[in-house]
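Structures for review follow.
In the two assemblies presented below, subunit A is common to both, partnered first by subunit B and then by subunit C.
So, the complex of A and B:
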């Protein structure tokens, strides 16, 4: 809670420090002074900074983010569909990325030390990890969209008038989903892979692994023990890492013109649409706090030694 | 599985015979960055069915390497030669399928349970069940009930099967490891320093438990330790290892009461004794020097330790010259009477 409070406060003042007047940019020229004042009042920009701040925080408490300058609509109405769009690429992307990354890390970690699998795996993972997400996105666009022409690389596709859930449950949406989702997965795999690998490498020399091997179980089963124990550090890292990953997703959303919350955040900042930007940051902070909570809870499930009092 | 089938499973396991282990010219070389390291330099010994062999020696003499070599648990960077015969069948030449069958079914391992021998995130009971179900086609419930009887056998309350290793004390973990080693009633038990990390009272409890189990099940066993007292109490025969070799072996009474090899004498002296009544406390004689460098086999045997507290030994009986292996003494017959050992005054 404290974190969320501090973030929203900082965000509020940061946007106020920027020495520009949104009305200049967003309001039609030639508007009368009275009309401008009326607009400022509606946007909550009148009164001293403290009055504005208190009004804003008071609104937050009841879930009111104010109105967007740009869309001239409540922030919630603007952001909610964007959040849903982001979740479509973020949640499956992160889950699949973690799953694939951890599996590959398991394989690379269990491979013979110094062998081709280990060397190759680490090399490729490090290269991808060092690649900025927009390069991954552009490479995917270049190959599958421009060169092969298999998949669209722009936007979410035409809804064809569908609304509600049906907006997402159609073929057109799915083919638009593939490339950005793929980019998120690829972007997220290497860190999972490397972390899982180092965990497995560490665990494979532990005493209990030797005893498991002596029990005469299959090699896969021995590896499973090492992997099961390596999951613990992976989970502690995974959820907080979502914060960093969100930065990567922002970029991917822009590359693929995916109308998600990350892209909206960047647009809002350039448009000086403070309420939208503040709300987007606020929601990201909430997500990160929730992610940390989820990490703690998952860890307690995975490691019997962790007890919450 | 019904009661009849379950008791059939138990009967089948309980009718397993102890194994005759015969190790011939076992050599283990670790490949290190500094060249080959000769951890075990061609040793031979037998464990007769139902008997207990004590394998003693100080840290680094190759005891644990021998144990791991018997189960083929050594890292890939090592090379093992020689023959390990289980009732005449060579373990070292086996394919991985047969090896899996041998592990736990015929040779079970008791490691230092107090440390990290059990998987920390799996329930202890499930780890025992895993060892059973890896080899026997029985359902989970049957394996669990067998785990319960094993826990009872080692003196642990059966409800603790549901707990995790960190909820166990060191002694309890050791008992759990022993229970697991008995899960398939393997014909040969390898106990690798089962009590080293425990306090003396717990050591005694564990060893008497192990003796009871041994009286009940008559397994062949190798007990690896650096504690001569444990050997005296628990073993039928003893093999003394030094620098990757067995320097003396034979029945416990003979080797311990009348040690012949200078190293055995040193080991004997280094073990504290309770003074008799009205007797002064006997001096504790440590073994001077350190192990020879095993990167080159026996190039440095000239540096084998002397016995400063027994000058007559040091003076007369320096070990063999460089380049030769130390002599081996079996029973009371000195195989290579390269030197004379004067036990007077020791």
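So, the complex of A and C:
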């Protein structure tokens, strides 16, 4: 809670300290002084810095982010659909990436040390991990959109006037979803793979593995024992990773022109639409704090050795 | 083992002091804190490959002005004075031209330099901040540790790329601001990691001996503790170079890069925003591959450190 408070305070002052004047884009030239004052009042830009700060923090407490300079609409109305759009690629992307990554990580971790599978797996995973997400996006676009021409790589498709849930439940939306989602999955696999592999490698020399082996069970089942115990750090890593990914998806959203919160943040910054930029950043920071909290709690649940007093 | 003879070879040559006693195997090796990690890297084949790539790239970065064939922003014209847009690679333009008639090869070569400036300066700043934070926090403990770690907690809850976008967007897109943002973002994890290494080091007996012998805190920290956690610092600095290059590339691709320099991210951004991403392969492929190679190589080097610092991962 304190962390959220500090982050939003830093955020507020970051936006106010910069010399550029938001009223320049907000207020048309040649407007009378009274009209200008009235406008500033409406956007909460009057009074001293301190008054503005109090008003802003008061607004945050009741979930009011103010109005967007650009859209001339409440920030919530602007951001809410964007958040939903982002979750569409972030959540399935993260889960599938984790699932595939962990499975492959178990295979690589259980492979013979120094063998072809291990070395090849590590090398490929590291190279993909070293690939900036926008290059993954560009490569997918080049192959599936330009070369093969199978999938669209721009936007979310025409809604055809559908609103609400129906906006998302149509074929056009899904074929637009595939490429960005695939980019997020690929972006996510290597880190999961390498983490899982370290866990399995650490576990495979433990005594209990010898015990399971001595019972005469098959190699796969022994691997499963080591894998299950390596899942623990992976799961706790996932929650903070979710928040970081949603942040890291910004670039993927830009490549595919996916109208999510990250792309909106970039647009808001370039448009000097401070209320939207502030709110988008604030929401991302809150997500990270909550994710860390969730990770701590799950860890306590999963590992009985950890006790929270 | 061959590598241990290499170690002794290097250390004997680099030490100007005379070796007091050949039998004395515990004789202090002056640059061991630096040479040990290095020889360890040479033993790991992936890390060695990574070092070679980084070395070659660094060479290109240094000699970039002599390798580049054209000024990066000079528009190529036909004899009739028309702009040579989107030319395929030729003997005049090794990697073709952009939609503005700029020589891709020269922009690409200059990009090496930008990557190393950003990566180098960013990592040095990150290294200094996180090492100081980690050393002070871990060594003194108690109240100082509490305060510093609270600050780190707050810093850790800031989403990295969004912060970079907002900060660079507000401060203005320049290389200095980008490096500043990188330093502000990546010290926090490093401080945590270095602190925990210092914590275990602090409990070692030699620290107590040194204190008992009258050594100052300053002396103990920089003469004894720092050389022993140097592997961890080295690991973090290596990773920071990669993060710095990645962050600069991402920011530039988004369109928040320094407009006065040609970085790889910038090249991709120009190709993307001018709508030539899908057709002009000669313009898109070189910077992409260079970015992947450089960042992966740094990760490979970092991984070798990780494997060696974690005894449970070490191969027996």
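Definition applied: the second predicted complex is superposed on the first by the 302 of 309 C-alpha atoms of A that agree within 3 Å, B and C clash if a C-alpha of one lies under 4 Å from a C-alpha of the other, contacts with A are read in each partner's own complex, and residues count from 1 in each chain.
Here, a residue touches a chain if its C-beta (ideal position, glycine included) is under 8 Å from a C-beta of that chain, and two chains touch if they have at least 3 such contacts.
Note that the coordinates shown come from a computational prediction; the quantities given were computed from them, not determined experimentally.
Annotation for the three-chain superposition on subunit A: subunit B and subunit C fit side by side. In the superposition on chain A, A:189 contacts neither subunit B nor subunit C.
Taking Cα centres throughout, subunit A sits at the apex of an angle toward subunit B and subunit C that amounts to 70 degrees, reported as a multiple of 10. In the superposed model, A:89 lies in contact with neither subunit B nor subunit C. Touching more residues of subunit A than its counterpart among subunit B and subunit C is C. When the two structures are aligned on the shared chain, A:214 is found in touch with subunit B, with no touch to subunit C.
Applying the stated contact rule after C-alpha superposition, one finds that A:112 touches subunit B and leaves subunit C untouched.
In the superposition on chain A, A:141 makes contact with subunit C only, not with subunit B. In the superposition on chain A, A:228 makes contact with subunit B only, while subunit C stays out of contact range. Once the two complexes are laid over each other on the shared chain, residue contacts for A:198 go to subunit C alone; subunit B is not touched. Look at A:284: by the touch rule set out above, it reaches subunit C but stays clear of subunit B. Remark: least CA distance from subunit B to subunit C after fitting both complexes onto chain A is 8 Å. Within subunit A, not a single residue is touched by subunit B in the first complex and by subunit C in the second.
Across the complex, subunit C is touched by residues 3-4, 6-7, 11, 14-15, 18, 20, 113-114, 119, 122-123, 126-127, 129-135, 138-139, 141-142, 145-146, 194, 198, 201-202, 205, 243-244, 247-248, 250-251, 254-255, 262, 265-266, 269-270, 277, 280-281, 284-285, 287-289, 292 of subunit A.
By the touch criterion stated above, subunit B contacts subunit A in their complex at residues 68, 71, 73, 76, 99-105, 108-109, 111-112, 115-122, 130-131, 134-135, 164, 166, 177, 180.
Interface residues of subunit A, counted against subunit B in their complex, comprise 112, 206-208, 210-218, 221, 225, 228-229, 232, 302-305. By the touch rule above, subunit C contacts subunit A in their complex via residues 46, 153-154, 157-163, 165-167, 169-171, 242, 246, 249-250, 253-256, 265, 268, 272, 277-279, 281, 284, 288, 291-292, 294-300, 303, 310, 312-313, 315.
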